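Below you will find the structure I want to go over with you.
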Amino acid sequence: MSNDMLKKFIVDAFEKGLIEAVMAPAATKDSYTYALITKKEDVDKITPIAPVMQWNGADMLRRITKLKKSERKLLAILRPCESRTYKELVKFNQINPENIIVLSYDCPGTIHARNFKYEPVEPENLVEEIKNGGKSEKIRDACKVCEYPAPIPGVGDIGLGLVNTDPVFFSLSDKGKEFLGAMGITEGERDADAWVEEHRKRREEWMEKERITGGRKGIEEFLSSCLNCHNCKDMCPICFCKECFFEDHNVFDYESNKFYNWADDKDGIRLPTDRSLFHIGRLIHMGTSCIGCGLCQQACPMDIPLYRLFGIVGNDLQKVFNYKPGVDDNLPPVMEFREDELHEFEGLLGGEE
Amino acid sequence: MAMKRIGVFICHCGRNIAGTVDVKRVAEEIGKREDVAFSTTYVFMCSQPGQKLIEDSIKEYNLDGVVVANCSPTLHERTMRNAAARAGLNPYRVEIANIREWAAWPHEDNPEAATRKAIRIINATIEKLKANASLEPLEVPVIRRALVIGGGVAGIQAALDLADAGIETVMVEREPSIGGNMFRLSETFPTLDCPQCILTPKMNDVGGHPNIKLYTYSEIEDVSGFMGNFKVKIKKKATFVDWDKCTGCGECLRVCPVSVKSEYDLGMKDRTSIYIVNEQAVPLKALIDQDSCIRLKFEKKVQEGKIKPKKNVKICSKCADVCEPEAIHFKNNEEIVEEEVGTIVVATGYEVMPAEAFPELGGKYPDVITALQFERLLSPSGPTAGVPRRPSDGKIPKSIAFVHCVGSRDPQNGVPYCSRICCMYTIKQAMLVKHALPDTAVYDFYIDIRSNGKGYEEFYHRAKEEYGVNFIRGKVSKVYKVGDKYRVQGVDTLTGRIVEVDVDMVILATAAKGSEGVKELAKKLRIPYDEWGWLKEVHLKLKPLDTPVGGVFIAGAAQFIKDITDSVAQGSGAAAKSLGLLSKPQLEKEPLLARVDTEICAGCGRCKDQCAYGAITIDPIRHVSVVNEALCEGCGACSANCPTTAIQVVNFKKGQIIRAVDILAEVF
Amino acid sequence: MELKKIMFYPGCTLKGVAKNLEDSTVESARVLGYDFIELPGWTCCGAVYGLAQDSVKFTIANVRNLIRAQEYAEKIRDNRLVAVCSMCYNNLRRAHLDVMKNRDKLQTLDLFMDEEPDYKGEINVQHYLTFLKEEGFDKIAENVKKPLKGLKVAPYYGCLLLRPDEVAIDDREDPHILEELLEILGAEVVDYPLKNECCGSYHTVDKKEFVAERTFKLVSVAKEVGADIITTSCPLCFFNLDKRQEIAKKKHSGFEHMPIVYFTQLMAIAFGINDDKVLHFEQHYVSPREVLSRWL
Amino acid sequence: MMKYTIKEDPHNDERVREIMEISGENIFACYQCGRCSSGCPMAEFMDVLPNQVFMFLQEGDVDTLLSARTPWVCAACFTCTVRCPVGLDLAAVMEALRELQLRKNYDYVDPYRVENREELPPIALVSNFRKFTP
């Protein structure tokens, strides 16, 4: 059982003095949340490979280390998407990676938190399915079309291989290599290429099919049931601002005449006026760094398939800047100034031909 | 507190605005606003009576804010703010609504639209103004020392003027001697002075001036600090010679067995590995070029483990053997020194495009050279003692062709601008050839002769009338070698015929560009530059010596290619600008700077990466951005990139801007 | 060794008066491990590209060829379309760049050719020289059996490999790719200053005296700089430089003939191919046989 | 003819405009450096030099150009185009001058009267007829 085996690994690490704390999912009544554990006796309480992702683990690490580096040696068990988030948030100065070891694994995917609540699944059942290179039909959209379902070298420190094999460990960084060495574990190999390739193929097809079309009208229709609750933003790990620009109501307060003028000009307006502005504005802020964890979609109380918006547009934007968030070592496009880029867009706005 | 008693002053700007915009109607419309206490028009707001009108109205109507609707704020914002200050209103409660460039001029053909647009611009400006804060200028202390970067004629002039005025001045030059490109020239146009004769006294003055600290063979490593308080790290490159001991006697040069192309002579002559740039160098010191010195190359290879030295092997030390003062030590004496200064004058000069960049004009042939290289061949102190000879075989050329505008005026293949000095120096060179070799035929292929300086046109006529230079109007397109000669394939656009001529040498007047490495230097200084390496002034007409970084000035060809007359004038100008700052005990700084709302700053560092002035750091304890007010120039790049607008420029806050934009963006 | 399949666009002239170019290209490629497959269903490139902004007639045939290539590229999983005739290369490449830059034009063409699939813009039109360089010149070095040692060659590019800039296969004023290749073949390359000058092109049809003047200049200068032979890649340049020597000789008494060859012929010879069915020297007006005898 | 009277602003001349439209080039950008002419391989056979073509157009004198041999001597080799400092495509302007006539069904070359047609390579014939016949 992979979970048991991981737990044993953690206890071992505690005993060898390699770690002083571990952050991993733990079961709650209807779901799983992250738990921070400092004693090996408590390791039993966790389920390292959980079937639900209620929060993004990197977001939790951000909370722990944002102000100051981790004071204890912390092992964090993160899914590949979370470890990419981790890497991205380090670039944004939101996580201090010192003293943290990240372990990630061939991810079976996770089930939508609400579905899970009414129809729970044993964690090991999901793992069982990928052992033979398959994957469950129950998992979330974002997981089905995940670009990086397996640990990525250079992202995080230790990888756990589960596809087409009995569990094997391998290192993703020098830090991880050292760690596995100290644990006395020989690094193993497994062949997950076909499994990953299958995801990517599915992803390509999905993107082609699910792309929101129809321009401005299309996006209005897509968002038509939005409540403006901002849950998607709250759950987004890349949206780390303390106060969102769109929650500063001072900026969007107007005298009544303003509204009437707009309504006159546009033959009626929809209220509130800043709803699609919020989503488009958010896309501009986080699009180039969107990891594709899909938590925005899980958080939507109106079941808007938001991953179709953020995931696909994010992916397109990243292509434009030739940037893979959480995978590339260079800075995100919003933080880097290049004299020479994006010439293909020159002249599109009616400037020089 | 939002303002409630705003005064709006609409300028006619003669007919510039009033000819198109119905200013009376604008004043009436704006006057209807609840928050506007007074609105009026006047023919010239910038005139003394206009300013008086504003001052009197502020007092009479107890105004708490003022909008002046006139021209671009770059012209009269300061004027209007000063007027308000005289009447007791905080100057930062004055805003300019630019209705001349934005409404009157672009809509000359549609007065109605221009009038409505003017109203809207003023409304937007009022909205922005209403949330303006009252501000007081910042005060910063001043270090009364100056730095001059570049030891060409502009830098020399700037340094001497500063030093003579009692300012301790540091000069940094990357070559081993000061003198710059001017010292390479044969003679100067149109007076035919010998630059060595007129520049050496100034160079010696610099070398011996009690107020000048000279670092040659040195480069700027790093610049930090701000106007009045710069910290500069200077790298003194390795000379392998103790300059305190070196007397410049030149004995070492006579024994050095190595021969390489001389940089000073632009490859027209060889020098030894240990060398003194020229006989009149300041300082007159020897240095070793580590890339060619046998001993240093050997030692480097040993160090890298590429070779193992055999015992008792004697490596060349001929120079050290003859050096009486024992100055040559072969030790890498590179060192970084730090200087603190209040102002910086950048006078980095120019270079010309190499002949090799023009293969169609035969740039790869040895006898096709740039005009700057030809200066060395024409110089009495040059490799051929002023009688030009072909670099390939040393023969006296019987015919020479000059080609103007090589790379200049050519946005497709070179630079778009006119390099300004080429017409005149080419004419001068043609004359000098005729002086030295009266029987040599000279063909000068030009497009236009640009002789717009004192005595320049007369100089051109002398070349035509007295010297027998052949001028042919048309651009050369190809030069190629046929036997011993170079075939120049040109055109005479005036007679409309293709012209071919075989000559012995071809001189290309290649385009001038900013000096190599100037972009890296500009980045360290955080001053802007263009793609050709010219440093950008703040205003071409009115602030040609200023940069956007307070306390940093530019002079000479660093700003744009210019002749000696203009370079010297700018050197003096930049010195005067520096003196202006250094003569004050404290400097005032515009308080329109970025401020951080630490409550909402997430410390992500996006602002820090955008700041061109290095003014932002992340506080490691509070994990928020911190702005260094002395460094911040208030450009707003940080604010534009902050996802949550935690960092904003005072009086340009998001509410102010969005409200203004809302008004401007309404359907017309 | 299994040959790698590459799409090859021969063009009309190679099918007639320039068999020497076609066969030497295909055979030299075969030696290097490529099977040059004639693009199925190709049509004429139009020889010259239209310069009028408001005209699409010169683009249609080329785009149709590109669509053919697009279909075939999928089959062989290689999107490169190699041409060796300078005119064909120039036309196909310009058409590709033109419609990529000018999407309206592409749309018009797609509508016009509604029976064809749309052109997706993914065909990489390459000249044989660029193709060889990209695949690595060292491969050529390995196959040289008879180095052309001592043969003084003037490399002649003409116009269409170098101009306009967007299709240039090398620096337009000082190209070196042909020199590089010739040196690998062992030849001695002379510095030929007129290597990028025009031969007079299609004027050979109605103003052959002009072209003969060009030929006179180009050949004389080649002689002056010490060349034994001029090499080119364009069948029109070849014809002008070769055949028009006849008129040049009549007009200028001192003029001496110089043989003209395709660079592919030199490649074939260096690879040890000495077969008239490949070299087709019978198609030359000035026979290169004597100059090349040492290697034949 | 050594005198030419400018009757109207050449910027408003219809045929100048048409040439600019067909060629897509702003002929008024030329500043007469002459590099097109000095590099032109066919210039020696022309009656109006390439740089002069621009000057004639800038003066609105299209008639001279329509009766000139120059546009029919241009070999479209693009030497002028790539070397033009202001990026003008003179080859396209020459094409426009030919087009003005060809579009009126003018044949500069009669395909049936070409000598030794059989010895000429197909590209020579195709390109010649494309340039010189409607």
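Labels A, B, C and D are assigned to the chains in the order they are written; within every chain, residues are numbered from 1.
Please note the rule applied: a residue touches a chain if its C-beta (ideal position, glycine included) is under 8 Å from a C-beta of that chain, and two chains touch if they have at least 3 such contacts.
Quick caveat, the model's predicted, so the values are computed rather than measured.
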item	value
Required steps from chain A to chain C (each step between touching chains, minimum)	2
Result of counting contacting C-beta pairs for C-D and B-D, higher pair	C-D
Centre-most chain, if every chain is reduced to its averaged C-alpha atoms	B
Centre-of-Cα separation between chain D and chain B, whole angstrom	44
Whole-Å gap separating chain C and chain D, where each centre is the average of the chain's CA atoms	27
Distance from the mean Cα position of chain B to that of chain A, given in whole angstrom	48
Between chain D and chain A, distance of the C-alpha-averaged centres to the nearest whole Å	62
In chain B, residues with contacts to at least two other chains	360, 478
Interface hub residues of chain A, defined as touching at least two other chains	none
Overall pattern in which the protein chains touch one another (line/ring/star/complete/other)	other
Which chain pairs touch, all of them	A-B, B-C, B-D, C-D
Contact footprint of chain B on chain A as seen in their complex	66-67, 92-94, 240-245, 248, 250-251, 254, 258, 261, 265, 285, 331, 334-337
Complex contact set, residues of chain B against chain C	358-360, 364, 478, 480-483
Touching residues (chain side chain C, partner chain D) in the complex	11-13, 16-18, 44, 46-48, 50-54, 58, 85, 87, 159, 163-165, 172, 196-198, 200-207, 210, 213-214, 235-236, 239, 243
Of chain D, residues touching chain C in the complex	21-24, 41-42, 44-45, 73, 75-79, 81-82, 89, 91-92, 95-96, 99, 109, 114, 119-128, 130-132
Touching residues on chain D, where the partner in the complex is chain B	31-35, 37-40, 43-44, 48-49, 51-52, 79, 82-87
